[in-house]
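Below are two complexes that have chain A in common, paired first with chain B and then with chain C.
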Partner chain A sequence: MHPVLLIAIPLLVAFIIPLFKKYGPSIALGALALNTGISIALFSVVYSTGTVHEIIAGFAPPIGIFLAVDSLSALLAMIINLFALINFMAIGKASEYKFSMLYLLAVAGSTGIVITGDIFNMFVFFEITAVASYALVASRKDKKSMEGAIKYMILGSLGSIFILIGIALIYSQLKSLNIYDIASRISTMDAKIKWASVAMLLTGIGVEAEIFPLNGWVPDAYQGASGGVASLLSFGPSKAAIYAIARIMLVIFPLQKVYYLVLTIGVITLLIGELAALKQENVKRMLAYSSIGQMGLITIAIAMGMNEKNAILAIFFLMVSHASSKASLFLLSDSSGMGSAATKYTGIVSVLGIVGMPPFAGFWGKWYLLMAAINGNMLWVIVLIFFSGIVEAAYFARYLHRYYGNEESFSRLTKYSMAVLATMSLIFGLLPLIYEMGLKTLFGMGGV
Partner chain B sequence: MRKLAGIVIAGIFFISMMMLFYHLPASHDLSSNEYYYRNPINGSVANESIPEHYIKYTKNETGAVNAVTAIVVEYRGFDTLGEVTVLFTAATGVSFLLSLAVRGRKREEANLILKEGSKLVLPFILLTGAYIFIHGHLTPGGGFPGGSVVASGFLLMMLAYPKFFMKDRISWFESAAGTAFVVIGLLGLVLATSFLQNFIPVGTPGQLVSAGIIPLIYIAIGFKVGSELSAIVNKMKEVQG
Partner chain C sequence: MLDIILAEILVAAIITFFVGRKLAAIIAMAVSILPLIALLDWASLYGFNIIHLGIEKSISIPIAGVSLNLAITPLGWFFALMIIPLFPAIMLFSYSFYKKNDGFYPFMLLALLSSIGIIMAKDMLTFFLFWEMMSWSSFLLVYRSRDKEAVMSYFIFSSLSAFLIFLGILIIYQQNASLLLSSINIESNAYGVVAIISLIAGFAIKSVLMPLHAWAPYVYSKSDEPFVAFLAGGLSKLGYYGMFLILFILAGAKVLETYFTNLSPNYILAVFGALSAFIATLIAFMQDDMRKLLAYSSIGQLGYIAIGFGIGTPLAVSGALFQAFNHAFFKAVLFLAAGAVAYRTGKWKISELGGVGYRMPFTFMATLFAIFTLAAIPITSGFAAKWLLYESAIDAKYIFVAPIMLIAGVGAFLYSFRILYGVFLGENRYPNIKEAPKSMVAAMFILVMPLLIFLIFPGYMLDMMHDALISGNIATLNHNAFVIETSLASYNTIAVIVALMIALIPAILIYKTRKHRVVDFMDNYLAGELPELYDNKISMHAASRFYKPIEEIIGPYFEPGTMSYYMAIYRGLKAISDAVRKIYTGKAGDYAIYVTLFLLIIMGWFIWM
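Up next is the complex of A and B:
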């Protein structure tokens, strides 16, 4: 099994597309289908044998680069590629060939962030993802989308610089870029520089991961982007970025002080996101703030994952739940109504999924987070989860009330695609797949 | 009020960054054992640091006499593929977003000296660029600077002749060069054991034909960077000119 194909194929196809302009979207669809197949095969290999690693260029790590696919990255690589395929079916057919190139590059970048085991390689994939996303956000080419894209671009490029400084600080001390090599020698680092690099990495990745206070671009970018692009952002780049935070914080810096820092950021992000969502009138803005809230919840789970196995399970479920529900809701937000059976189904199922009704994946996510909070004697986390759940239920109930039954104008393919995306949350909630994956040793070598 | 708050916050930020970098320790002796790396797959610990490894073994392992090139194209070739892709993404994004813009005002003709002079120097600029990226494994330079030099030649032509546009051929070069890079990588996977691995004999270090796939990749990068930057400038000119 070669995980590197997940990156090589979309890059190759994106390079080739300009030669076959007319068939661009179809070729891109083929590449995404191929990638989905490979990522499912990779998932099954990791499911049966555990962490897969692949050496690049024939030099043993940390001399060369290597890819390390653990249980969570296998799951996310599959989610990103599968959802990208379904989402592209809904929106890609009629698009320009350059749109499909950028789409492929964003998917390849997100997948790269998730499967790489090298911190500088991760930065390179961050760059690819971010640059492709700026252009995609602006793809409607009107004033709103340009505004969103420019805000995103300014914050995103600042974030990239911080990631780079963070990596340089680590390299200046340990002379290594391999995540696991760094992790094994982190205790020999100068304490001040260690803290500086934690701060830089968290700030830089936090921009993409939509955590407080770096998420100023989120509502504008999501509002300006078309539904399909907003959907891509919610299951691709943002998931990859929050995964990068999980990998870096849990593997490299599983320290008590980092735990408090990440936990605090998570709590503030959750509260601000959910309360702001309650006040929004525009659907896409509401969904964007709701995404911020969910990111806060995942960040809390990451922090608690340093001490609690249950919280790691929560990360798995929350990521899948949010990817599935938001991907479909953003597609739905292009038209102001749910008229037909398929869109009504999509609306209701996604809302149930994201609010966390059993047996959706969202329910299991919150359930395991509650378990972790009970084990850790953290009453206030339990209160927080219930409070945010109530707020979520309130604004999503209003959303359904306002749009349910109105006229809409989706093509049949789009409607079915979003219905399938919404159902994913239910499927992954019912199958024991994620649970079993979550119990495997995360981050295979060392770490938790 | 908001401006003032912004300035204050930026000032505090700037001062704390300066203090941070002031306290950065100076570089150490690389051969002390706190730099000894550990292989994450089998857990074995080496008795040297990674930079030391590069300095000692680059020539034997890759056949390149320029260690920087060997690191950029061989040891961390995957990152370089990524960086080339970032440039490609940026160029695609620019042309995607500017595609609606219409050609605007007419520009003045350049003077005779610029017109004739640029015709004269263009071949030499292209030759220098090609030299830099073909000799990347022997001398300082390589695909990125070489490609930029090539693009600067076309920029000069655009300045001299307002009607000088490069149309479809440029995107053909972009595609072919990028495809070549990935295909070389995939050949490594098929003929050797891993992506981007060298599958050609390395030859005698110091010769023009040596260092396995490094010159091939650097030529591809040179074409890629050259055509990419030219395409961006070309697109900007279409909008402004």
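Up next is the complex of A and C:
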């Protein structure tokens, strides 16, 4: 099973869909199902044999383009495709062929970011994802969604420019685009150009990864988007982007200067996100701010991952936990209530998951992150994480109280898809899969 | 076998989610029998040969790549004795209490599962994992009340408690590089002290020690009684389990003493306990809602356990554990009785009740006995426990704590008297109700049984806690079944009974020889005032504002209430939140400027730092 299929199938199908307008959604569903199967197969290969490197078009790296699927990218590729499938089922009839097309492009782009081993390809996939996401946010076609999409587009384009400049700076010095090649020769770069390129890459990817203060588009875009799109954004593009940060920071620039910077950014993002959510009355905006906070938490884990194995485990758990819980909460936010058993279940399980209660995946994420923090003697980070956790508990308690038991208008398929999505956090919190994948990774340990 | 016990509770929790209420109650009752049998079997490990099945006492469960280690310890066994037996009785009670199955049974079973996990945890990870599970499963039970204050305060305080405990665990982990309880050694430095204090504060939230009790009055008075019976009776003890673990088994008390040379932090714990007992008792005077009264009574009674742990002498700790055991059972009975009364009358307010006992004599009997134990009336086991505590305070020369405890002890009788008189006796306002259903009555009587046993044989209680005390490096008291030897005197059940008999003789004589008159309910023979604020339908005695003069004096001092201070913090946070929200101006131009500024700042950081 060649990993490139993961990108090729949705891209190809996306462009076939306009030919069969009527069957668009069904074809897209088929493609997503196929992709999910492939991503699970890929996951099991990586699970048993370790990192997979695939060369494309027969040129050996560093000249040729290649895909590098390490344990975190295999996990994320599986999460993105599997969740995209469930999420697509939840969106159901609302989707027309244009929507299906854009949806597939966003999934293909996010998967591409995660599995590519080439920095320029990463940029290309960023563009595919971003363009599809702008259109998806606007797909509700009302004033709010237009506003959100335009803000997203302005900041996203700005970010893309910076990514491109960052890549160009590296290329001008090293004449290479291969991540591992760059990583092995990074010390030969001119110091000032090196730092400029790190700053450019961090800023550019940070826009997509919802890092403060680059995340101005987040509340508006999530508020404007329909639940299904917001859910896709939370487990697709944003996860891929934060993964890109992890890969670039941990593989290319695992340096002490970067460590403190990323840590500080993470802590600030966490606090700003959680505090802003506390007084927010609009559910989608509240969830968007909460996403910012969670991204901050993952950023802290990435920073600590430079020195601590536990933090790497935390990245794995936090990503899966946030993807599962936030996606189901966004789907739930389309209707202002949890009336039936399935939606009540979804609401409770996702809130417990996102607050980090055992045995959900989020618990292990926080556990390993704090273990890493105490090993690094960072009591202040721990106290701030606790503080933000209490703020988070407060607004989610309010959220549950306000919406639990109200009337709702979801179709049966939507309800069950949401429930399955929410349960993922529980499943990954109980199975040893993530832990073992986390131990296999060589991330941040100076290896590939 | 141990893993089977945990597995069957988990499976039952899932099954009870889907079945009808009666079947769910029966399943829940049935699965709690196995842990009870195991409890009796483990008794043989500590010198009681009750049955011999050889149920092993240690297992490990793999989950998410790590393994959870569980083992039954002397302390865990003793706490299991006061938590597990409550469960089947409460399930029996709930059999006829609920009209439909809407999430009570599955979450109760999860709460039971996690409590067993907590008291059997062999390492801190297992402990914390089950602690959090207990928090959220009980949160979902509180959630059923749909009361905003109760839901929010429980969720926020539970999170606070979890984080304090987590902080303590992290520091301990850093000092020992291990989470196994057997290999933990808390260092006597600032970090170690922070760890101990934050752990104790975290546990104090769950065991409602003032001033961390603010959630309890809301939660206890708004949730269903069967759950509150388990929460107040069983789950609140888990906090004290944790405190015992930290203070004595992990020798936290010694660490505190060596670190603070001038002031004694254990004394502070005792003072908090005493204030908790005293203030909660005063507030309980003023409550009209039966459940709120019982809530404050719980806060007060649990305070005694903190006093005992704070004093820390063998006498005090034995008394505290004894009190914990008693409290589990009598408070469960009282909450269940409140539930039974409300089940028949639909009322919780003492001023609206009266004379229920004429129609519900068995409920009344159970309540009466529970209140005697609560108020530490001589010869009840409550008296034995508090005797040990008073004596230890006097012995340790805690001149502030001892008198306050004594006043609170009298106060406990004064407020619980109102339940007896205002709810069960007095004007017969409900002549047409029936006795509570048989299952409810049976449940209450089952829970009264242990109190009766230890009324006669208080020494057996000391036998049961013997190994737990030894494991915490605390000497045990000399005793036999009837007599507990203490340093000042000795507590002798026979002597107390004889003394009581002798004291009762003149009382009976006076009662027999005096003429009785039947008083009208408007008669102020109890020296009360005419209730001019109420219309004349409300009779004047224990039923409504019986302690009006006291209320008028002490009421103003409790005016804003602890919750208002927490609310002030919450409002402050919301103001900060509002300010933070303004960063997101909504203008794309501003956001573009943020991006550019960010780029410049981090470039500056990289190049010049």
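By our rule, the second predicted complex is superposed on the first by the 439 of 448 C-alpha atoms of A that agree within 3 Å, B and C clash if a C-alpha of one lies under 4 Å from a C-alpha of the other, contacts with A are read in each partner's own complex, and residues count from 1 in each chain.
Definition applied: contacts are C-beta pairs under 8 Å (C-beta built on N, C-alpha and C of every residue); 3 or more make two chains touch, one makes a residue touch a chain.
Owing to the predicted nature of the structure, the values given are computational and were not obtained by experimental measurement.
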*Could you check whether chain B and chain C clash or fit when both are placed on chain A?*
fit
*Angle at chain A between chain B and chain C, C-alpha centres, nearest 10 degrees*: 170
*After superposition on the shared chain, which partner residues are touched by A:A135: those of chain B (first), chain C (second), both, or neither?*
first
*Where does A:S172 make contact in the superposed view: on chain B (first), on chain C (second), on both, or on neither?*
first
_Partner chain in contact with A:K257 - chain B first, chain C second, else both or neither_ = second
*Is A:E127 contacted by the first partner chain B, the second partner chain C, both or neither?*
first
*In the overlay, answer first, second, both or neither for which of chain B and chain C A:G353 touches.*
neither
*chain B versus chain C as contact partner of A:D220, first or second or both or neither*: second
_So in the superposed three-chain picture, is A:K192 touching just chain B, just chain C, both, or none of them (first/second/both/neither)?_
both
*Using the superposition on chain A described above, determine whether A:F386 touches chain B (first), chain C (second), both, or neither.*
second
*With the two structures laid over each other on chain A, which partner does A:E96 touch: chain B (first), chain C (second), both, or neither?*
first
*Minimum Cα separation, chain B versus chain C, post-superposition (Å)?*
6
*Intersection of chain A residues contacting chain B with those contacting chain C?*
192, 196
*List of chain A residues in touch with chain B within their complex*: 2, 4, 8, 11-12, 14-19, 53-66, 68, 96, 98-99, 101-102, 105, 108, 112, 117, 120-121, 124-125, 127-128, 131-132, 134-135, 138-139, 141, 169, 172, 174-176, 178-181, 184-185, 188, 190, 192-193, 196, 445-446
*Using the touch definition up top, name the residues of chain A that touch chain C in the complex.*
150-151, 154-155, 158-159, 162, 192, 195-196, 198-200, 202-203, 206-207, 213-214, 216-217, 219-220, 257, 261, 272, 275-280, 348, 352, 355, 357-359, 361, 363-364, 367, 370-371, 373-375, 377, 382-383, 386, 389-391, 393-394, 396-398, 400-401, 404-405, 429-432, 434-436, 438-439
*Which of the residues in chain C end up touching chain A in this complex?*
62-66, 125, 128-130, 132-133, 135-136, 140, 143, 146, 148, 151-152, 155-156, 158-160, 163, 166-167, 170-171, 173-174, 570, 573-574, 576-578, 580-581, 583-586, 588, 590-592, 594-595, 597-599, 602-603, 605-607, 609
*Mind pulling up the chain B residues that touch chain A in the complex?*
20, 23-25, 27, 30, 34-35, 37-41, 49-51, 53-54, 61, 74-79, 81-83, 85-86, 88-90, 92-93, 95-97, 99-100, 171-172, 174-175, 178-179, 182-183, 185-186, 188-189, 192-198
